[in-house]
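Shared chain: chain A. Partners: chain B in the first complex, chain C in the second.
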Partner chain A sequence: MSMRTRRSVRAGQYVALLCYLIFLAFPFLWLISTAFKPAPELGSLHPTWIPQHPTLDNFRQAFDEQPLLRAAANSLIAALSAGLIAVLIATPMAYVMARHRTRLSTAATGWVVVSQAFPFVLLIIPLFLVLKNLHLINTLWGLVLVYVVWALPFALWMLVGYVRAVPRELEEAAAVDGAGRLRTLVSVTAPLLAPGIVATALFAFITAWNEFFFALVLLKTPEKQTLPVVLTHFLGAEGASDLGPLAAAAFLATLPSLVLFAVIQRRITGGMLAGAVKN
Partner chain B sequence: MRALVRTAAAAATALALLLTGCGAGDDGEADGKITLRFQSLAWQKESVDINKRLVKEWNAAHPDIRVEYVQGSWDSVHDQLLTSFEGGEAPDIIHDASDDLADFAYGGYLADLRPLLPKGLTDGIPRNSWETATFDGGVYGVPFLQEPRVLIANTKILKASGVRIPTPGQPWSWPEFRQVTKELSGEGRYGVAWPLKEPVSVTLNLGLSAGGELFHRGADGKVTVAMGEGDQVVPDTIHDQVNTDHSAARTALGMGGGDTLPGFFGGKYAMVPLGFSYRQQIVEQAPKGFDWTVLPAPAGRDGLAQGVSPQTLSVAEDSPHKKEAVEFIDFLLKPANMVRLAKGDWMLPTGTEALADPSLHTADRGWATGVALAASLRSAPAQSVRGYPEWKDKVATPALQEYYSGAIDAAELKKRLVTDGNRVLARYQR
Partner chain C sequence: MTLASATVRSGRDGPPGKGAADRGAGTWFLVLPALIPILVLSVGPLLYGIALAFTDAQSGRTRATQWIGTLNFRDLLHDGLFWESFRIGLVWAVGVTVPQFVLALGLALLLNENLRMRWLARALAIIPWAMPEVVVGIMWRLVYNPDAGILNETIRDLGLGDGRDWLTGLATALPAVILVGVWSGMPQTTVALLAGLQNTPHELHEAAALDGAGAWRRFRTVTWPAIRPVALSITALNFIWNFNSFALVYVLTNGGPGGRTRLPMLFAYEEAFRYGQFGYAAAMGCVMVAVISVILAVYLAGRLRGGDDR
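Right after this comes the complex of A and B.
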């Protein structure tokens, strides 16, 4: 392939990537634009990207009509707890499954994959009944429990890949140097697993942060409801909606995930690459 | 989706009951006071405020029967209620739409209200409305708010065209409506935009005006689909407006009601057929100086008749306090309160006395036109037909969409709605 052809191919790749990024960003940019538009502009025949008379009224109305801060706090508690607990449970399990291959661990891995195929409507009623008997209906802890159970299989699957990517020889070298099993785990394996653990926690966090149906069904009182549930209060029957405040509230709801991504993006990328290669 | 949920629910419940040992609930009230949970689907600020205020008023007057307001959501309400019913955690008082009640009523989740309803409430709501919440002889909800489909028109275009302005007393006939939309069309403008993202309920409900029935219940109680002359008036009018006259915007066929508003405000469409409550969005979003009016939907052989699925209040069968729950419903639906609720939702009350309230008989924002249509509202044709959701999703929606866009002709539409449709319904009625 000549230099010129290579350059053309490279340029084509960049254009394709740019188009893809625009495609991905479109809904979010439109959401931001809508959030700052006054009502007459929302109903304009010729919508513009940049609001002609930007306003914060939609945000004011959204906060005035719904307890967004309380809902965001509930979502944050549920999502952070779910992320933390999921990795706390999944990490040692993943280590055992990756390092000690037995029939049991192979079967467990298979079961983890199969469990991802269950539609949640099949699980919600048994879960509801179990939580009811545990007196965990209408509690954030009940919801956290569900989110952990929900995130655990995939978190486990992800982490098994990361553990396998850590060379076994490193642990053997540490053992030769006199480190015990626990010391090896804490000082050698855990730091290498950190990117994977962060990526897995983020996955569990975002899954819980965005989750709607379990929260809708399990939480009864307004004080407990999470952000996705409260967002639906801007929707009426037959698709009618309070578009401006809905866009404003939805925009605010995306911020924590974006901030979290921005803060730990480098670690996630590292984590993903680490998990992608197996020695 | 509903079928999947139902099947999944049945299987899952059996498993869950085994796992949990059928733990009994504790509904006892330690201090002798009763707490009722009222799940409301009110969503507009005014409406939520009024509901909460009414709950507060009740609680102040009834210290021993406390009502707890629970905010529900129209989105996924069916699945949420089904789960709550299965789990024995359903709210005592349930706000929903009558077309969502059939499954719950037949499933034994809702209380038959007949022995509980006070005479005043029963007599205060017309029989037509009660029929919307009556299943297999039982009454499973109190219908309290409803909305007809009306034509919202751009007053300036309407007046400039010189067409006769219809009133509830002298509405347009369907042929006249077709002619008017031709006259209202012009350079870059359509006489009407039909938002038909969900074409089935619009077609069936408006079809009643022309004598359309589509669903016929036989002596054996089984329902079959048959398409007579009356059933073809509405579909044929829309089809011809789009494909022959070009007086209806083709692009609007895939839109939801709110999506047509920008075009309506921009003068691209002279009229849009919308639910009565859409007036609120119009008031909020219309540009300054935009002049609009509310007209009755066209009339046919059966006058202004059209089908509706009112909003309802039901009581859970599992509720240990059904009597008190109905007392609260009775309070909530006192004529004056019903008027407050109707205004908050920009809908019509079902109650005769509430409908007579002078504040609803004002020409402002089309209230009087809506009230004048109330007597013509009937139970939506399909809401008690088992298998309707599947018929709607798998047969009628694609068939009507294709017919309206001109992809198939009337004979093919009839074949699909009737032949294919009856095959679907038969499975539910074996």
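Right after this comes the complex of A and C.
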């Protein structure tokens, strides 16, 4: 390839990358811009990218209009419990799936794949009936139960990848030294797995924090509802004046998962890679 | 639940266990804490859900639920609205999955090059990925807003006319929500494809380049065969997820205008939780699973038989 063609290829690549960056960023920048605009600017027929008179009024108004703090607390409780419980019960099972080729682990792997394909409506109707009989409708614990099971497939998938990345030889060495199975698991494997377990828990947290469908169906009263459901209440009356608080609340609701995701992103993609490569 | 299984393939490669004695009670002790919830709250309800499709179950009714055989399915067959939403679901799923794949492949190829703004692209790609779908929907409503939105303002600035009310226009609503779907799912697909690309042996590329193969030739003969398995599974999964999606369109249009964006999940949700027709909605779920499975089986069989993928 001549120097000149190579240089023009590079230039083309940069232009393409720039287009991608704009496409990825612009809606988010617009959300932020809208969140900081005062009411008169929101009503303007010629909106600008940069707020002329930036204000925090929209945030104040958002908290006044809807029980956002309560909703955030609910989301936090549901997502934290789901993340913790999911990894607590998934880790041992993932260990067995990764290390032993039994009929059970084959079935579990099959279930992980199949469970991705089912429309949730087929799951939510019976779950609704079951939870209703247990008097768990409109309670956070009912939602947590659903989130735990919902998080299990990908928790298992990620964790199996992490377990496989731990060299077997280490465990065998411990076994030779006379350590029992559980002992080996706790003192040799678990510490090496810890970063993967944390990443999986955080990922389960993020998905539960973001989840909407189950929460919409299972939680009836505003004081029980999670953040995504409460956000949709802003959509009720669609006057131009509501755009600001809507944007402010939406922006706030995104921050926790954005920050957490930025922290664990490398591990998640690493886990995906490990799973893909080891296959 | 979107990314982790993006590259799921059957993972049965684990070396055999150390021996039967080792797998006894201890294994069950490790497995049961996860297995019981899975059976009670996932497998069980799924079977229960399928069973409900053959009953006249309704919410808040005192009279006992009865078996009605295939009556729900026969009704569904004649339910024009359902099949219309099914058609919209297919258009939406294909309309999102295909451009998403093309764009993601382009971005993955770029990110695989040694470009200077790579880190920025990676950082930005987090945004659609980590955002709640509800927020993505709200955000794009702000973009599409006929008066105060940036899209129409840009159109006006470029002198392309006055812009329009994208989400409520009969002709524009579906394309408008499809664009949002493409945007929100692109990063996951990109990362999965990038993972595949990074497995491609670099030497092969160089050898092909030395032999005088152009960029397209090298892509066809070296890159594509290496990422084909990942590409195949991510496309199949994306198609299913998109067909089954709910939150995004619920927030953007809630199925409107005039049902033009009413995806099957929205239809089934309304049937179940607004009109209380549990049995009928469950039957819809069954039909969705069945048809999607058939489509996927045909697609996968075709692609696998395609061999070298011409």
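Convention: the second predicted complex is superposed on the first by the 224 of 279 C-alpha atoms of A that agree within 3 Å, B and C clash if a C-alpha of one lies under 4 Å from a C-alpha of the other, contacts with A are read in each partner's own complex, and residues count from 1 in each chain.
Heads up, the rule we're going with is that contacts are C-beta pairs under 8 Å (C-beta built on N, C-alpha and C of every residue); 3 or more make two chains touch, one makes a residue touch a chain.
Remember, predicted model here, so these are calculated numbers, not experimental data.
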Review point. For A:Leu56, is the partner it touches chain B (first), chain C (second), both, or none of the two (neither)?
Key: neither
Exercise for review: Examine A:Gly43 and indicate which partner it touches, taking first as chain B and second as chain C; both and neither are also allowed.
Suggested key: both
Point to revise | Contacts of A:Ser105 with chain B and chain C, given as first, second, both or neither | key: second
Exercise for review: Figure out whether A:Leu235 sits in contact with chain B (first) or chain C (second), or with both, or with neither.
Suggested key: both
Exercise for review: With the two complexes superposed on chain A, say which partner A:Leu170 touches: chain B (first), chain C (second), both, or neither.
Suggested key: neither
Check your understanding: Which holds for A:Ile137: it touches chain B only (first), chain C only (second), both, or neither?
Key -> first
Check your understanding: What is the contact status of A:Phe203 with respect to chain B (first) and chain C (second): first, second, both, or neither?
Key -> second
Review point. When the two structures are overlaid on chain A, which partner does A:Ala11 contact: first (chain B), second (chain C), both, or neither?
Key: neither
Practice item. For A:Val96, decide between first (touching chain B), second (touching chain C), both and neither. Key: second
Check your understanding: Which one hits more chain A residues, chain B or chain C?
Key -> C
Study note, to complete from the structure: After superposition on chain A, the chain A residues reached by both chain B and chain C are 42-47, 119, 121-126, 129-130, 212-213, 217, 232, 234-235, 240, 243
Review point. Within the complex, which stretch of chain A touches chain C?
Key: 1, 9, 13-14, 16-18, 20-21, 23-28, 30-31, 34, 42-47, 49, 88-90, 92-93, 95-102, 104-106, 109-113, 115-127, 129-130, 145-146, 148-158, 160, 164, 168, 181-182, 203, 206-207, 209-213, 217, 227-228, 231-232, 234-235, 240, 243, 246-247, 250-251, 253-254, 257-258, 260-262, 265, 268-269, 271-273, 275-279
Review point. Inside the complex, what are the residues of chain B that reach chain A?
Key: 4-5, 8-9, 11-13, 15-17, 19-21, 23, 25, 37, 41, 43-45, 48, 68-71, 73-76, 79-80, 83-84, 86-89, 91, 97, 197-198, 256-258, 261-263, 265-268, 275, 277-278, 281, 284-288
Point to revise | Residues of chain A touching chain B in the complex | key: 39-40, 42-47, 61, 64-65, 119, 121-126, 128-130, 132-133, 137, 212-213, 216-217, 220-222, 225, 229, 232-243
Exercise for review: In the complex, go through chain C and note every residue touching chain A.
Suggested key: 1-17, 22-23, 26-27, 29-31, 33-35, 37-38, 41-46, 48-50, 52, 57, 103, 106-107, 110, 113, 115-117, 120-135, 138-143, 145, 147-150, 153, 156, 183, 186-187, 191-192, 194-196, 198-199, 209, 215, 230, 237, 240-241, 243-244, 246-247, 250-251, 264-265, 268-269, 272-273, 278, 281-282, 284-286, 288-289, 292-293, 296
